[in-house]
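Lettered A, B, C, D, E and F in written order, each chain numbered from 1.
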Amino acid sequence: MRFDEAYSGNVFIKSHPNYEESEAVLYGMPMDWTVSFRPGSRFGPARIREVSIGLEEYSPYLDRELEEVKFFDAGDIPLPFGNPQKSIDIIESYIDGLLEDGKFPLGMGGEHLVSWPVIKAMYKKYPDMAVIHMDAHTDLREDYEGEPLSHAAIIRKAADLIGPKNVYSFGIRSGLKEEFEWAKEQGMHISKFEVLEPLKEVLPKLAGRPVYVTIDIDVLDPAHAPGTGTVDCGGITSKELLASIHAIAGSDIKVVGCDLVEVAPVYDPSEQTANTASKLIREMILGWVQKK
Amino acid sequence: MRFDEAYSGNVFIKSHPNYEESEAVLYGMPMDWTVSFRPGSRFGPARIREVSIGLEEYSPYLDRELEEVKFFDAGDIPLPFGNPQKSIDIIESYIDGLLEDGKFPLGMGGEHLVSWPVIKAMYKKYPDMAVIHMDAHTDLREDYEGEPLSHAAIIRKAADLIGPKNVYSFGIRSGLKEEFEWAKEQGMHISKFEVLEPLKEVLPKLAGRPVYVTIDIDVLDPAHAPGTGTVDCGGITSKELLASIHAIAGSDIKVVGCDLVEVAPVYDPSEQTANTASKLIREMILGWVQKK
Amino acid sequence: MRFDEAYSGNVFIKSHPNYEESEAVLYGMPMDWTVSFRPGSRFGPARIREVSIGLEEYSPYLDRELEEVKFFDAGDIPLPFGNPQKSIDIIESYIDGLLEDGKFPLGMGGEHLVSWPVIKAMYKKYPDMAVIHMDAHTDLREDYEGEPLSHAAIIRKAADLIGPKNVYSFGIRSGLKEEFEWAKEQGMHISKFEVLEPLKEVLPKLAGRPVYVTIDIDVLDPAHAPGTGTVDCGGITSKELLASIHAIAGSDIKVVGCDLVEVAPVYDPSEQTANTASKLIREMILGWVQKK
Amino acid sequence: MRFDEAYSGNVFIKSHPNYEESEAVLYGMPMDWTVSFRPGSRFGPARIREVSIGLEEYSPYLDRELEEVKFFDAGDIPLPFGNPQKSIDIIESYIDGLLEDGKFPLGMGGEHLVSWPVIKAMYKKYPDMAVIHMDAHTDLREDYEGEPLSHAAIIRKAADLIGPKNVYSFGIRSGLKEEFEWAKEQGMHISKFEVLEPLKEVLPKLAGRPVYVTIDIDVLDPAHAPGTGTVDCGGITSKELLASIHAIAGSDIKVVGCDLVEVAPVYDPSEQTANTASKLIREMILGWVQKK
Amino acid sequence: MRFDEAYSGNVFIKSHPNYEESEAVLYGMPMDWTVSFRPGSRFGPARIREVSIGLEEYSPYLDRELEEVKFFDAGDIPLPFGNPQKSIDIIESYIDGLLEDGKFPLGMGGEHLVSWPVIKAMYKKYPDMAVIHMDAHTDLREDYEGEPLSHAAIIRKAADLIGPKNVYSFGIRSGLKEEFEWAKEQGMHISKFEVLEPLKEVLPKLAGRPVYVTIDIDVLDPAHAPGTGTVDCGGITSKELLASIHAIAGSDIKVVGCDLVEVAPVYDPSEQTANTASKLIREMILGWVQKK
Amino acid sequence: MRFDEAYSGNVFIKSHPNYEESEAVLYGMPMDWTVSFRPGSRFGPARIREVSIGLEEYSPYLDRELEEVKFFDAGDIPLPFGNPQKSIDIIESYIDGLLEDGKFPLGMGGEHLVSWPVIKAMYKKYPDMAVIHMDAHTDLREDYEGEPLSHAAIIRKAADLIGPKNVYSFGIRSGLKEEFEWAKEQGMHISKFEVLEPLKEVLPKLAGRPVYVTIDIDVLDPAHAPGTGTVDCGGITSKELLASIHAIAGSDIKVVGCDLVEVAPVYDPSEQTANTASKLIREMILGWVQKK
């Protein structure tokens, strides 16, 4: 009997065993300490990996198989419970490392605030970067009840850093009046309610540019993603979200990194949300990584 | 340390603290004793209030904020368990009081039978009133296995009272053959399966008239509202229901009262249904109350 | 007090009390031992029956009532736990018996492998038979990790038996690359992602032919059927599936038998999936049995 | 293929097919319309039957097998939703019929109020009857918020009918101060908190007398029966309740009828409560019916 | 119709409407951002209040009724999401206020770290104070993976402040080896596994002293409290915990404040844990407040 | 950034990274295809590992830490779905390998049938071996409805192989009359209902002998382990089961291998059962492995 290496049980299906040889790195950011409503997204990445065994390795949408892309599942980044600032610093430094090694970062949240340090790190490498943001919520607050480090402020921080005109939000159906007004004044793109059609209009404008894509699973209607912190009805279907991922894959933009956040398994006993997230991750790997 | 008044914990977000100054009154009718299948809607109003803290106060659909409408959350009307007749009498007298005080009544069920005493009270004040009814079920029975006071008979009672031609049902996909036939014979409007398109055709005909709107949450597909007594597939999406609420808001009818019924939280561990109901209530407040 | 016969508690609503007089027979095949992901569909048939009491007996889609069709609910076929081969043999012989008696077989799974012995039996009687297959998955494997008797191989077995050109798959969104290629090479029809529109194109080609229809509940999006073994997002709505059933009912094909499989109640605490399945069964009875 | 009689799916394991030959009759009373907290016990009897297939037919406690007792599962008594008085009348007349036919009545609730008509019927036949009552709650109210027909009043009604000194309550840990005082004044037996030890003291005093035993499943600690309307911690274990049933079986009292009430499956996703209830029913059948 | 004050929906049953006149104040501390395993206790206080309507107002254990004690339910203290230090400061200042007003503080968590600022505030007023601690876990860490503000460090902080010899822990069954050793070296009392018997021995030694009692609901076995962050089998029963509360009530110590923490409703669909917590709160009010 | 080896995410807490150096091997046997009631134990091992992060590494019962024992978590043995015979053969050969390498086997089920091939392998090495068996069920059937390979036959097979007098069953509360009789005739030890006290009597008789211990989690009362296939009330507490493990640890028997089976996570939304199982595994590692 031979066990040449430690059992690697809970990895995303078909992840590559070797970091060095991989083009992309999949990692979890198990943080949920600033959420204002229902916590639990810290367990999102582990559950997404666990249910990925129910996936086929082949995408009939893209006609590609997972073994055509070398991605390494690096597990979850250990983050200090209840300390947002230190968590953010750890993530930023982690992404710095990935980018130094030339890897495509593919993150799984965790609350949406985890995208903030990733975007900071990406921006250092890609100063002409744009951000595509799919979400039910604007996330454009300056702070949340006094806390500047909040999941509800992530896109505002990104907009302040890379310029509001470089941020494109889709599917938004919730936010403060002030947030919508701020976006309008700043010339930031917000598509309310819809994703696919406005995205198709925006993509040609971004042709050739490096783009980071951040998807909050709650852009889906709660019917399609009940397992998340803040459900908000009137969202898009998983069919539309898949089509949006494929629209990006078929466009001329250069995806340089991406994440999928806010899967909170405990609110979804059927595990529909984690299963859906795992399929979205597969399509993001197959559709976006090769763009690099 | 100062507590000037008792803690009022579980109220709908942004409800007004003062009854006298309010234009609308939000109240729960926690009754489910005549339901024929799965009980539990008595806990609907409390759960809808509880999750309303996850809502934003601003509607990007209507571009209005909750503080623009003064509504008072009066809590649940205490109803005697297992006594439908007395419950109905209590509700009717409660609504009589609200109308006397010039308030817009906005009720949360509870089973659909609770709409019956409300409609009775409204009709006394608005004898030219019409009823718009969104539901999966006809609710046109004369009785249910011998019981005339049944959630399955509420629309029949309303039709008998205000005249079948003044009742407009939408989204219906379940009922006895006799119920559909009775409606046809009586000239009552029933739109099978769909809501938004037929509603848009009906609204101009009702221009200027006082209308009471009653929404059974099961008009939504179970994917969008699993937490209800009798789920029935093939329903509309929450997007379509939101659009229907907005169509009414943008029409020339005069909404004089409304309710949302049949949210039964125990059948929905993800609380999607209660969250959706709380958003619908927000839109009903923002879109309909000012019509008064 | 008189009890002339044993209490027959959990039967499908309005099932006929007498086998001899019935045109159709409804039976459960409570087998889930070869499933590769989440087991539990053995309890599907019982739960579908149980919630059928929440159904109306009348279909406003087809304008027919259940009492217009005589169907006998024969309960579940007792199957030996963990023995796929013997289970298959028992089912085949059971169906042989039904066909001898001139009955229309209407089966409820259980895992999809249960359709294999039914198709074998049907084919003996209807050698010119075609199969219409609605599913998220191709099910065209030759074996699953070495096991030829697998829920993932059922359509391959059927295709091998009746000829790939006689099998029409709809709604497929998951499978191995090899499976899609095999189908293409063999001239087997696969409609990816969609059901209703391609079905409408296919039906005229099958006019007059005997057709067996097998529906895997996971052809529905997980939003509409979370209670199944392998959920896969991007599926169709229950509205589209109902319309597809009605399209078949309105066509010139001759449905000679059918099944609905893979309802696994434990993954759906709201029981949406079982309720939906019971409505689908009602429409299949009302729409298809009279074709015989 | 032969089906000599209709499929009788959901019956309690090993129930006898023939009413006439049976000594005992098992029946459900699916009523929950007067409950003051969480409804749902109407589905108790069906779920208890369903999970009874997980039971062995042999009791290692009593060294008896179910086939040694002929009991007929008569299904659920159809009761009118939301009408307590009519429901009670129907049950009383049903029990009258059973007693006329010389059957031992074994009822499954439903809310506790269902025991009231049974006790009325029993008392007509056994005027020297005592009642043994195991429950978390006194159930000694005269009315509940004005309603005399309430699950919280059942034991008071029984005590008023057969005399408080003939009622023996065990395991009580919840009630109004007035209820405890009334019991004391009237000389009614109440054992607070405990069941087995005080029961052993009481049983000899009841030797030779006909006794009706009513068990509210909430006498168990919520750890052992989470699936009930009103859980109340500090209760007994299922081991102690089994031992109490066996103590009665081994005593010299003459059990003439019994019930087990308040199983509400929806609050117990693990179905522990229904499984436990089905085992308790088995022991009640094996231990008590032969006393007749 | 008159509504003299705002609807106060979700308050603990029989709470007094007036702060000034009350002897005790019940408040929630909805914080869970430092938990290392499963978050969700922020929703504990609201759910405990909600289910308290299922309680009787009378305790048959203590023969007292809630109206004999004036306690004011002050609702939840608003705490900044994800900021432990600021949360702690807010709580401490809140308790300072209560103590100034001469109130008995009765807190509901939230994670166990919330007890830390309460103890700090209490100690300023009662420098000879002891702490009684019931818990599955030692909570004696200096930090948790580098974070000194952690739910796993609360008792260590308390011991460092008031002296380890003034802290008495009961029911402990989980911790680092170092924690147990530290306690031993410091002369701190730890009763492993058991609560009631060792408590009875300790109470006389504390006679006359002011004591703060902090109960982590996970001192209960998971069978009795599944709805908590870190379940750990081998715990005590709710019967033993009730008896321990009553033992304190009957002793000569002077309880000056108390809390019950770590109820996390989402992990307990049956709501057994919240129901149990609400009964424990009732007994703490009835048994301990009058000691003041 | 350095990743020297693949991420090994879901391993039991503190498992040793190296197979060669380890004394014990922990492995999962994810098979549930012969279960007669509720399937799902295939997911037991993965969930037990996942929740093990909530465990402390130190046992205050045994005063030992996990790092004192080198155990290697080898993951789950891949088993062919629906093929019991092949699954058994694979397991037996796997254990043969472990024993050849001198490892202590510690298995996690899966259904109880998985213990059969382990015992076969162990017996080849330890022909004087005894089996200690803790379970709610006898598991002494010769076959289950004709299937000799059944979870209900595992102990019978073991008894036939090693001799009934070498098998000691504890906690049994369910089985056929014939099973109990067979055990009696054969001189096999069965302690009904209880575990700890009879175990203490048996242990001295087994002093010095190699013993394999197999624990079915359903020996616990459903209150302590709701997440299993066949719950059966009247069982022991987790406290008693822990004490039984410790009694074996403190005895003079030589545990040569062991397993814990039948954890089925889907039936336990609170994950109490998996958490309890992970603690039991920790105690088995700390208490039993060093006996080797």
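Just a few scattered comments:
Quick note on the criterion: contacts are C-beta pairs under 8 Å (C-beta built on N, C-alpha and C of every residue); 3 or more make two chains touch, one makes a residue touch a chain.
By chain, UniProt protein names: A, B, C, D, E, F = Agmatinase.
Just so it is clear, the structure is predicted and the values come from calculations on it, not from any experiment.
Interface chain D (Agmatinase)/chain F (Agmatinase): under half of the residue numbers present appear on both copies, so the contact uses mostly different residues.
In terms of residue-numbered contacts, A-F and B-E present the same interface, as over half of their contact pairs agree; the other options in B-E, B-C or A-E do not. A separation of 41 Å divides the Cα centre of chain C (Agmatinase) from that of chain D (Agmatinase). We define each chain's centre as the mean of its Cα atoms; on that basis chain A (Agmatinase) and chain C (Agmatinase) are separated by 38 Å.
Looking at chain B (Agmatinase), one finds that residues 38, 221, 223, 267, 269 touch two or more other chains.
Here the touching chains pair up as A-B, A-C, A-E, A-F, B-C, B-D, B-E, C-D, C-F, D-E, D-F, E-F. Of all residues in chain F (Agmatinase), only 32-36, 38-40, 42-43, 78, 80-84, 86, 144-147, 149-150, 266-267 touch chain C (Agmatinase) in the complex they form. Those residues of chain F (Agmatinase) lying in contact with chain E (Agmatinase) across their complex are 53-58, 60-61, 63, 65, 221, 223-224, 237-239, 242, 269-272, 275-276, 279-280. Those residues of chain F (Agmatinase) that touch chain D (Agmatinase) in the shared complex are 37-38, 172-177, 180, 192-193, 221-223, 226-227, 230-235, 267-269. Taken in their complex, chain C (Agmatinase) has these residues touching chain D (Agmatinase): 1-3, 5-11, 17-19, 46, 49-50, 72-76, 94, 97-98, 100-101, 269.
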